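For reference, the structures are reproduced in the following blocks.
Okay, so chain A shows up in both of these, paired with chain B first and chain C after.
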Partner chain A sequence: MTAAHDLVVVGAGPAGAAAALAAADAGLDVLVVDEQRAAGGQIFRTTPPEFGGRRKLPTGYPWAGELLDRARSHPGIAWRHGATVFGILPVAVDAAAGADASAGPGSAGFDVLTSDPADPARSGRVRARRVLIASGAYDMPVAIPGWTLPGVMMAGAVQGFLKSQRLRVADRVVLAGSHPLLLIVADQLLAAGARIEEVAIARGLPSPVELLRALPAVPGHVRLLGELAGCVLRLLRAGVRISTGTVPTEVLGDGRVQGVRLARADRGWRQTGPARTVDADALVLGYGFHPSTELARQLGCGLDWDSAQGGWIVRHDAQLETTVAGVHVAGEPSGVAGAEQSRAEGELAGLTIAAALGRPVPERALAGARRRIRSASRFSGVVQRMFAPRREALLELATPATEICRCETVTRGTIDGFLDENPFAGTADAVKLACRSGMGPCQGRYCESAVAGLVAKARGTGVGQAGRFAAHIPVKPVPLQAYVALADDPPAL
Partner chain B sequence: MPDAEATSGRAARLPSERGEPAEITVDGRPVGCFAGETVATAMLAAGVPAFSHRNGEPRIPLCNMGTCFECGVTVDGVPLTRSCLTTVRDGMRVETSER
Partner chain C sequence: MSERYDSIVVGGGLLGAALAWMLAREGARVALLERDQLNQHASGQNAGSLHFQLEYRMVEHGWESARTAAEAMPLHLEAAREWAALGDELGESLGVAQQGGFMLAETAEQVEVLRRKTALEQEWGLDVRLLDGEEARRLAPYLSDSVLAAAFCPLEGKADTRIAGPALARGALRLGAEVRTRTEVVDLVPAGSGWAVHAVERSDAGERMLRLEADTVMLAAGVWTTRLGQLLDVSLPTIPLALMMSVSAPTAPFVPHLVQHAGTKLSLKQTGNGTVLIGGGWPARLPLAADGTPELDRRPTLLQSSLVGNAAAAIGVVPRTASLPIVRSWVGTTTVTPDQLPLVGQVPGRPGVFVATGGSAFTLGPSFARSLIALADGRPPGIDLHPYDPARFERLSHARR
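For the complex of A and B:
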């Protein structure tokens, strides 16, 4: 199946939905492609329509309902849910009639390759004049001994099951991490009848200096902070043990999680004391988020390493255009900053793209979006500073026998051994080629940061210098039918 | 409106409105579920101990958002289908992967 659109947006979260709405309001013909069944992204996941009942959205974002409703009913926006974008190709300039041959890649538009497993006939390529990468983020992986056991789940996973499926993943739960989401998930699990055995927070309590620094960021975000404070209060009232300065050192169990070893850690999150065992059926990890940047990598966009913003983030200008002309970015791939900032970035990107394609866009609309980004970034900047993961210390939780690459079951010992024997191997990609770490179905999303961390440690450089895994088509494994669908001739733009 | 099912420390459906009852098979065994549920939900609630294997080790969903592929199963003959992104359909045939 083929079609042509002014703009294809990848991702229907706050950034993608806001971008689609702003662009469509300005007159563009927009297609949004998203892997989930409904718009909203991870943050606004709700129960499916089959469950009936009213939509419940998080209270911290009063604009969410209207944004999603307006976007969904907009005649200028088409939606393709349940589909995966597995690659984006700039259209060859000589293949596009009327294109300026002197212009660079992307000047003739893009072919967006999609796979729709539930409806393979809809797989294929969609042509777009511009593309926006609003693909969100995923929970930051932390490799600890035993983390491949069934019952170890990411905070976002557990919350997703609760919010959208009304499923409690386990009875007795230990949560370990450092991101504020961990406390929200603990509170939601408690309300769902789980027994919270312990919440292990890696960092200490915020210092007075940190709190003072955070104050200017608070106006406009009172609801979010209030929500978080309410979570902590309810947990404490229920007698839940919240331990600060504590890290998980091992997951115990035979075939599934049966216990978690926890130990005291210093201010740098390094283990200082002996570990103790807490019995549990599940361990929930919540140390932050990594932006989903695979499409930007595959397109050849520039990326920068910024640990506090989530790792590798997509380089962009003030208008959110990447280093590849015609490819724009909004939301977490531009730096993990939360739903408020994602929405504002989406709005600016949508308006900018509309203006670039010749639609009239009032200057005050652009100024409003920029103002909202500035306001949101004051808050997100504080969150990033306060909760930045201590990656070097987390990496040391992995022992030689710990699987770094879950897909190909490559241990830390294998990777360290390769780095010892090959003193000139200095990149994450070199380790990938030699050890297969990063070559499985997840394509390195859950081992890249640890692999790069091990390289950086062995060579005395930084994670940024150790580099990142390259991404190629398909950026996610897709069935062969998706390739067959590519044989159709795309229409002229 | 089904009650929360006590399943000895495993996943449990919360008391909540759900869709119409449905049935899928997992490795040939019938698994009851409800319209609107994902295959991952149905399998977790049924206590399926392994969705996939890696080098013989059992795995169940890690990310529940389509990035980790640990929940990959064969659905109606299509391998590596992410059960967390797939909605159940009455009569759907699911096979766990034994690698």
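For the complex of A and C:
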């Protein structure tokens, strides 16, 4: 086992890269662990070098190229790509020589447990004085009848295929959702040669009042809005039908997607009229994102429910430190707010950690990072308010036969039935233990919010009161032999 | 104004649910009070082994302690019968499968342990036999060549910890019992010929104080038993033991048996869902309060040494587990007593209050429940409960004073 790093950053997206750079500039020894082959996260995913050609980054973020290039070439930053962090454990105080036994967990640092899915023998652990969770977000799942058919995909995933492999997932596509990303993906699919059968937006057109309220948030984000407007223009020019106030009620098909049923919805996203069928071989859903909070949960950090910010978000102070001392958070796990804010949060977290570890950090730099967070949050706050998912209405798209937990094939009917028969059960975890919903390989990422929503509905409480699933090591599945590789001298098998 | 019951059960784990169901079946008016949700702690977190052979923890400390542990054999034999019939009586599956269990030896020394252990268990009437490595692999082709011998007990198996407790609670509910979750007992005081139970009922709207009265109170609170004893001013000593378990993603059935080891902490089995459960008593770290006492309401932390040790033990005897994707490793806190024997019986000096906990309380839960109800009715319990009498610690604490 090698010496401890000052800081281990989990995730190499805008937040992680900015944090690593700020911390390394201040003199820290930083390791970044990321699942992908190259830095950039989901937002700045690019094709692998084997594809040739120039790197293409989204035009809305002019700082991206320089941030990634500087971070990559910084001598104070080590990179571990292609590795999953499957758990973080505070080093036991009595096990660490010279540690202050009266201090809390984490005062002796952390062991970051990693696994390389392609080569489990490369699993191991690295020790860190501080850790930063910058693990991003994942597509918000929405369970509707037929959503488990091959051909139903999430907007972020579809874009991931386009960005990383130039792969068009289908030829005839319906997109349904509420998040602005949906329009960008539709435009990118169109450019890649797909036929866009329809884009169904759940909410209506923004009212003049909403637009007026949104105006003050725009300065500094003109490029981003310009990009979005360009998408809409190109889609309309290509004759794509963009319907507002429309939700998908069912996916049709035998073994694969063959059509999508769409229906009119009211302002609360509840179906009002009869559904019509649109032929398609793929449905792309884009209702927003859930922050990846599993490492924070596993560490015992406090979380709060905030639907508009993506659901469960990691509680943190103004310096982005979580409720577990020594564990920091930046980017989407602190509330889904986009790349601009993630980068600013990463910068502040990196500077704060450097200062906490005794490196000189000018107040000017901290103030600058705080200012950039404030500026970014004005924009992200408006986006969150305008596009907040109506979770109760989305939940009603699931019928009793709809699978809520696809890993363990648990239907809505099973969960509702359990809640009926067991009036004393009132939390998402109680349903998980009894029905197995959330116990499969995705560890509940896909069903947690729906399960909690069903509990909340049955008990007349809020989703926050229904609670969240506990997260355990490994936060992503690893083969049992990865555990053996954690030994200082792994025994021969 | 207080509500009146024949019996109040404190604790919503397997034992509490079994008590509520058995009491309700006898026509008693019952309330079960649980501070959290049902089945959330040791009952839902343990690996669900129905093991009747002496465990590694009982033989690792030498032969004297093994002999002492063997004295609990009648309780185990009773539990084996109890589990076999429980699902049918309840009319709902508890996920019980008794397809036999192995205890494995990989060294000559462990073979000797098995030989002596098997002879001792046979004396006490347990159906168990010693097999050599080849015989064991014929019954269990998944075992590695390193297995030199195995003790096989056909009665052993598993119950589904996820469903057993809640199924019994539903049974109680069908028979008219009340089940109240998020309801924490805060005081126990004599009232007339019985007891008044003061509890805090928590809801999203806030907290509400309850006062319930009953002729008998059954403490089925596992690791929280000692706290309840304090409310009664009686010493009911328990020791919390944080243990780790792991579970794989579902895979095609290949391990029908319970697998344990004579030389290391290991229990391994495959559930009806196809998941493989791996445990065996590897420790986790209990969070400690400033005064050094364990904090029971905070989750213990995993130890890397346990992750490594448990995985190596499993892969050593069942090599196929090496590549199984592990989905969760979790920690549960089980309860033992200072002398390793369970606490079962009337709370000393507190007529009408009964307690059971400590040591294999999942495996033995249905037997504990049956015995407590018999005691409360003034009937002789099916087994000799004398060694488990809670009064043994009361005497101890008086002697110290």
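As a working rule, the second predicted complex is superposed on the first by the 482 of 493 C-alpha atoms of A that agree within 3 Å, B and C clash if a C-alpha of one lies under 4 Å from a C-alpha of the other, contacts with A are read in each partner's own complex, and residues count from 1 in each chain.
The criterion applied here is as follows: contacts are C-beta pairs under 8 Å (C-beta built on N, C-alpha and C of every residue); 3 or more make two chains touch, one makes a residue touch a chain.
Here the structure is a predicted model, which means the values were calculated and not measured.
**Student:** On chain A, do chain B and chain C fit together or clash when superposed?
**Tutor:** fit
**Student:** Have a look at where A:255 lands relative to chain B and chain C in the superposition and call it first, second, both or neither.
**Tutor:** The answer is first: A:255 touches chain B but not chain C.
**Student:** Is A:479 in contact with chain B, with chain C, with both, or with neither (first, second, both, neither)?
**Tutor:** A:479: touches chain B and chain C.
**Student:** Using the superposition on chain A described above, determine whether A:487 touches chain B (first), chain C (second), both, or neither.
**Tutor:** Second partner only, chain C.
**Student:** Could you look at A:90 and tell me whether it touches chain B, chain C, both or neither (first, second, both, neither)?
**Tutor:** A:90: touches chain C, not chain B.
**Student:** Pick one for A:168: touches chain B only (first), chain C only (second), both, or neither.
**Tutor:** first
**Student:** Between chain B and chain C, whom does A:151 touch in the aligned arrangement: first, second, both, or neither?
**Tutor:** Once the two structures are laid over each other on A, A:151 reaches chain B alone.
**Student:** Touching A:461, do we find chain B (first), chain C (second), both, or neither?
**Tutor:** So A:461 only meets chain C here.
**Student:** At the CA centre of chain A, how far apart in angle are the CA centres of chain B and chain C, to the nearest 10 degrees?
**Tutor:** An angle of 90 degrees, rounded.
**Student:** With the two structures laid over each other on chain A, which partner does A:47 touch: chain B (first), chain C (second), both, or neither?
**Tutor:** After superposition on chain A, A:47 lies in contact with chain B alone.
**Student:** On the A-aligned overlay, A:424 touches which partner chain: chain B = first, chain C = second, or both, or neither?
**Tutor:** Second partner only.
**Student:** Just how close are chain B and chain C at their nearest CA atoms in the overlay, in Å?
**Tutor:** Distance of closest C-alpha approach: 6 Å.
**Student:** Per the definitions at the top, what is the overlap between the chain A residues touching chain B and those touching chain C?
**Tutor:** The overlap between the chain B and chain C interfaces on chain A comprises residues 408, 440-441, 477, 479.
**Student:** For the complex, give me every residue of chain C touching chain A.
**Tutor:** 12, 34, 37-40, 44, 162-163, 166, 169-170, 173, 179-182, 204, 246-250, 273, 278, 285, 287, 298-299, 301-304, 307-308, 310-312, 314-316, 319, 321-330
**Student:** Considering the complex alone, what residue numbers of chain B touch chain A?
**Tutor:** Residues in contact with chain A: 4, 9-14, 16-20, 34-38, 40-41, 44-45, 49-50, 54-55, 57-70, 72, 75, 78-81, 84-87.
**Student:** For the complex, give me every residue of chain A touching chain B.
**Tutor:** Those in contact with chain B are residues 35-37, 42, 47-53, 82, 84, 117-118, 138-139, 148, 150-154, 156-158, 160-162, 165-172, 192-193, 255-256, 281, 292, 406-409, 440-442, 445-446, 476-477, 479.
**Student:** State the interface residues of chain A toward chain C in the complex, per the touch definition above.
**Tutor:** By the definition above, chain A touches chain C via 87, 89-90, 92, 105, 111, 113, 125, 300, 408, 421-427, 429-430, 433-434, 436, 439-441, 443, 461-462, 465, 470, 472-474, 477-484, 486-487, 490-491, 493.
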